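Two complexes come next, and they have one chain in common, chain A, joined by chain B in the first and chain C in the second.
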Partner chain A sequence: MPVQCSNCEQKRAVLKRPKTGHSLCKDCFFWAFEEEIHQTITSAGLFNRGETVAIGASGGKDSTVLAHVMKLLNERYDYGLKLLLLSVDEGITGYRDDSLETVKRNQQQYELPLKIVSYEELYGWTMDAIVKQVGLKNNCTFCGVFRRQALDRGAMMLNVDKICTGHNADDVAETVLMNVLRGDIARLRRCTAISTSSEGDGAIPRCKPLKYAYEKEIVLYAYFKKLDYFSTECIYSPNAYRGHARAFLKDLESVRPSAIIDVIHSGETLSVKEGVKMPVQGTCSRCGYISSQALCKSCVLLEGLNRGLPKLGIGKHHRLHGKILAQEPLTEQEERKLKAVDF
Partner chain B sequence: MAAPLGLHLEFGGGAELLFDGVKNHHVTLPDQSNPWDMKQLLAWIRGNMLKERPELFMQGDTVRPGILVLINDADWELMGELDYQLQDKDNVVFISTLHGG
Partner chain C sequence: MCQVEEDYNGLECNQEKIPVSGLNRKCMKCKEGTAVLIIRVSDAFCRSCFKEYFIHKFRAMLGKNRVIFPQEKVLLAVSGGAASCTMLSQVQEGLSRDAPKKLRFMPGIVYIDDGGACGRSEDERQTSISQLKNIFTQTGFPYFIVPLEKVFSLPTSVLVPGTSDPDPSNPCYKQAVDKYLKEKQKLREEEAVCAVAQLNLEDSAYLPEHKLALQRLFSSLKTLSAKQEMLQTLRQHLILHVARENSYSKVMMGESCSRLAVKLLSNIALGRGAALASDTGFSDPRFGDVVIVRPMRDYSSKEITFYNRMFHVPSVFIPGLDTKSHDKASIQRLTESFVTNLQADFPSTVSTIYRTSEKLHTVRPPQSQSTEPEPASKCLLCLCALDTTADKASAFHATLISEQLSQLRLQEGSVDLVAGSSDQCCVEDQTCGTSGCCSSKRTPVQQDLKTLLCYSCRLTVKDMAAVNTLPPYILTEAEKRQRRSQMKVEISEYLLEEDQD
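Entry: the complex of A and B
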């Protein structure tokens, strides 16, 4: 009944790899998992010797495994990188405070410096306060936009060369599906890129070393290594749109495990016709951080919160950007459309 | 006639929230003429342990895709999945990858 490891043929296999179908024992699985990430890092040329790299750390399984493996490979293969942990505190009671405790423990366990930036400190708004204004619908938009910029700003404070995040194969495939469903060509091209380019001033390149690692393997790696990670659902996200893409993808995976890599491959190979207008990267005229519009999304959402018009930035209101920039008052009709609606 | 089965169940990755927030459970399955297998265990869990929203854990006769199952620390895909026949003192772990935030 027990299955032997198909690699060493000595020990009992503990998992069947979804990517290859191989049955591996713990040690062979650890080695295969780590070596594949190393292969991803070297073939994509993600890092250069001497660079300082910030690991986006949330306390969850992906960033915990990422921090563990990055430290391990940095030592095993002498990448010559200086690693540190960068966390964002969204200000969600009962969720982020607990997960940050996990990151602080990771800091001790892995002996990596830790920097925490908070929404309250950067934007003056905690996620709890945002949800009070916006309601339970659409609040993920604020959180996602703010977190992305917060990570950039935290990385600039630390003066790092690169940011790496724990996005895994399942995450990337989910994003491909969501962008296909939304018909968002610009994001479809960007979401499969393993690293962002460093063109333009002030943008710190990001990369995803776990891009080809299946979530099942990340979970089992963390479990067998007994890594300390936090796994509670965000209290504001139960209705997040991504949950539907995720459930669909898991159903696909149970039918054919290679579906996840196949979806990523499809996203990578999608081509856009010549002449299709694509967003151009620039900087925000108000805060100076990266933006493809005159006013970046963070500033639009923040202006909406500060004016008591949270729907600003949700939906299409580009015509109002000029007024916002000039700090002009909006007409009563314009304001009514942007006020939160009670359900 | 078989004796009652003692099992250790563990829920992680957020799945414990469906089971009173408790990760570790010791359960005793009643005596029955046919050997207990995983399919019957899941039906028993649904009937006896799942207080609310069983659809977050079960899909048809099996666990929802995205929930990993380990039997004695080995992937249940290697052990026969629903057909695995449980033994006394087996350890069954359910880890959810569906929760996120």
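Entry: the complex of A and C
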């Protein structure tokens, strides 16, 4: 017995929504998916008319669907936004080249301007070179820190008002679990916010329109819309700690499908005691970008790479912060501790 | 970062371990006795120092938090497991000490027999009860053994938070201690009278129809996750009822650090973020007149197991709902194996999660600032603050929209109608109206209950096949609250706003 669409009750259902369990036909699924994102955008007040918005594009399914839906909703509901694509080239041979090709094709399909910034251009190091120094285990720290700042810097070059990223519900729930496992109370407090605050000088606010969209639904949408996207995993991140939280979240989802939204709801309703100390936002004294320390994380990691001490900046280095700030040489004992260990 | 820091620790540990072998190690504390166990990475203890350390931590936890006053009645919730039996032995140890280190409260013991929900036979239940009775009798404390079937004869007052006394502050605590010391001699004479007056209540009889009702209730819950949540809720209500009837103002739970880490993470997955501080903090004041206290909070299950084995603390193994189930049977079970496995690879997992819970606190709804808070602002089942106000940009709101958009289609072009309908849903959810949008595919009873529950308890009730299998005190209280809400709606135009007072 064929299943009828639970929305229009006319056509035959082609999928069962992971989020709600309802059976839908193709058109009703498209409409529901797009309407939910529209509701998220309007209820959170993410954009204002006349703003220029950069879409962080990596070629993957999330950013591809985000670009497609943003263009679609911008035309359908007349947000009045100017959209463009912003990509970061990490310099990973055999992986980022191909994904950037996908972004360039998206640029033509969606007729959006594209800007690519690269690690080599901004920092003088590619991820390939970084991995040679650091090894496979901790390179995700460098990539994450550099990419975040690269996105900010690229957005400043383009003079945009907002950045939107393709973080979906699974990503946000994963981040909540990660921050609990790491005991990071500062991030736990703000990791479920749908947009960052626009306080502070020189910080471009970010937002996540796909925050409540399940990853499986994004894949379903891309599949039925026949969107062109790149889906290979990063070759340098097999041992990321995040994998534990991700595997746990997938298991939770199989036990109870609404667990992903439940985790996000928990993150949103958490509150922290008053006396707990929180970092204060400021700017880096060396590069001038956003930072909660005198020297930002990017500059610390970069200093480590340039000195041939890649473990500088990984782990606890508070005692060395003053020396790094003043660009003084380290003692032999300090250097030996930070040298990369060959196993 | 945990991974990175582990690299450092591993490196240093490897270097440190080379000169000193694991054998013939000396106690970290007294440097004389032979070490018999290692608690953390390098904390080696001999037998007597471990006992001293263990006992001291229990009293330090109580002394540091200052919530239990001298001569206060404290009910110990014992399940027969290792942690709660250790708590019982620590209380015994503390009360038998000489002044000034002596504990000064008056304990009682409660055990909830949930065999009816876990599918245990009558003989199995009686065997466990007699084993526990032996343990309880040796302590000399009064004890209560209550079957879970008793929830079907509870009064509705269980679901109403009592009036809480003013919060204990340092001056009050000191006055109470001074007062106690002065009256010390008088009490010695009265002790003999009190000992005789204490009664051991064992009311394990229950009606056969209550047993059937309990089985019906748990068979109507479709998932093991919902069953475990419901069992926890009902057990809590029973303990609260026993405490109130016998004038106990504090309840001690024997939850260890490891258990609380699992509970914190599984509660996040169940959507109970707003109530995490109540569920895992040292003290839980949500019931008002009875405060729940967790003195075993600083102990890991490893320490407890070592202590029980070395000093022969008796305990009784009683299987639960998830005994022998596979990892993915429920969210609670899955979280337990996840945390346990992660702890094996990253030894600081449990303590990190535990320290995170220390920094959380519960949001106090504005209504609770008034002298008599409306019971409608608390969840019907778990009595936590309702977290379903459905702010504009929130996960809950997104869930409501998703439910709506996947059902009968509204006109495609009418955005205002969609927005209007969703607003209407939220508004009517709060006022107990029967809305056409959400309730079209659910039984009316379940829809009515929904507005009285917090986010997580709604998920539990959503997994129920029939809501009318809930115990009568819950259904009666639900009807009462609904009627009161309807009254308020009818007279709302005549009520002055609280701001104007």
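By our rule, the second predicted complex is superposed on the first by the 343 of 343 C-alpha atoms of A that agree within 3 Å, B and C clash if a C-alpha of one lies under 4 Å from a C-alpha of the other, contacts with A are read in each partner's own complex, and residues count from 1 in each chain.
In the analysis below, a contact is a pair of C-beta atoms (placed from the backbone, for glycine too) under 8 Å apart; a residue touches a chain by one contact, two chains touch by 3 or more.
Just so you know, these numbers come straight off a predicted model, no measurement behind them.
Of the two partner chains, chain C is the only one that A:A32 touches; chain B does not reach it.
Of the two partner chains placed around the shared chain by superposition, chain B is the only one that A:R246 touches, whereas chain C remains out of contact.
In the overlay built on the shared chain, the residue A:C234 is in contact with chain B alone; chain C does not reach it.
In the superposition on chain A, A:V3 makes contact with chain B only, not with chain C.
In the superposition on chain A, A:I261 makes contact with chain C only, while chain B stays out of contact range. By the document's definition of touching, of the two partners only chain B reaches A:K16; chain C does not.
Applying the stated contact rule after C-alpha superposition, one finds that A:K216 touches chain B and leaves chain C untouched.
In the superposed model, A:N48 lies in contact with neither chain B nor chain C.
Overlap of the chain B and chain C interfaces on chain A comprises residues 251, 254.
Residues 12-14, 17, 64-66, 68, 70, 73-75, 77-80, 93, 95-101 of chain B are the ones that touch chain A when the two sit in their complex. Considering their complex, residues 1-5, 7-8, 11, 223, 225, 264-265, 267-274, 276-277, 327-331, 334-335, 338, 342, 349, 352-353, 355-356, 359-363, 387, 392-399, 401-403, 405-409, 412, 415, 418-419, 422, 455-456, 459 of chain C touch chain A.
On the chain A side of its complex with chain B, the touching residues are 1-3, 12-16, 23, 60-61, 95, 170, 215-216, 219-220, 223-224, 231-237, 240, 242-243, 246-247, 250-251, 253-254. Chain A contributes residues 6-9, 17, 19-20, 22, 24, 28, 31-32, 35-36, 38-40, 42-45, 77, 137-138, 141, 176-177, 180-183, 185, 188, 194, 211-212, 239, 241, 244, 248, 251-252, 254-256, 258-259, 261-273, 276, 314-316, 341 to its touches with chain C in the complex.
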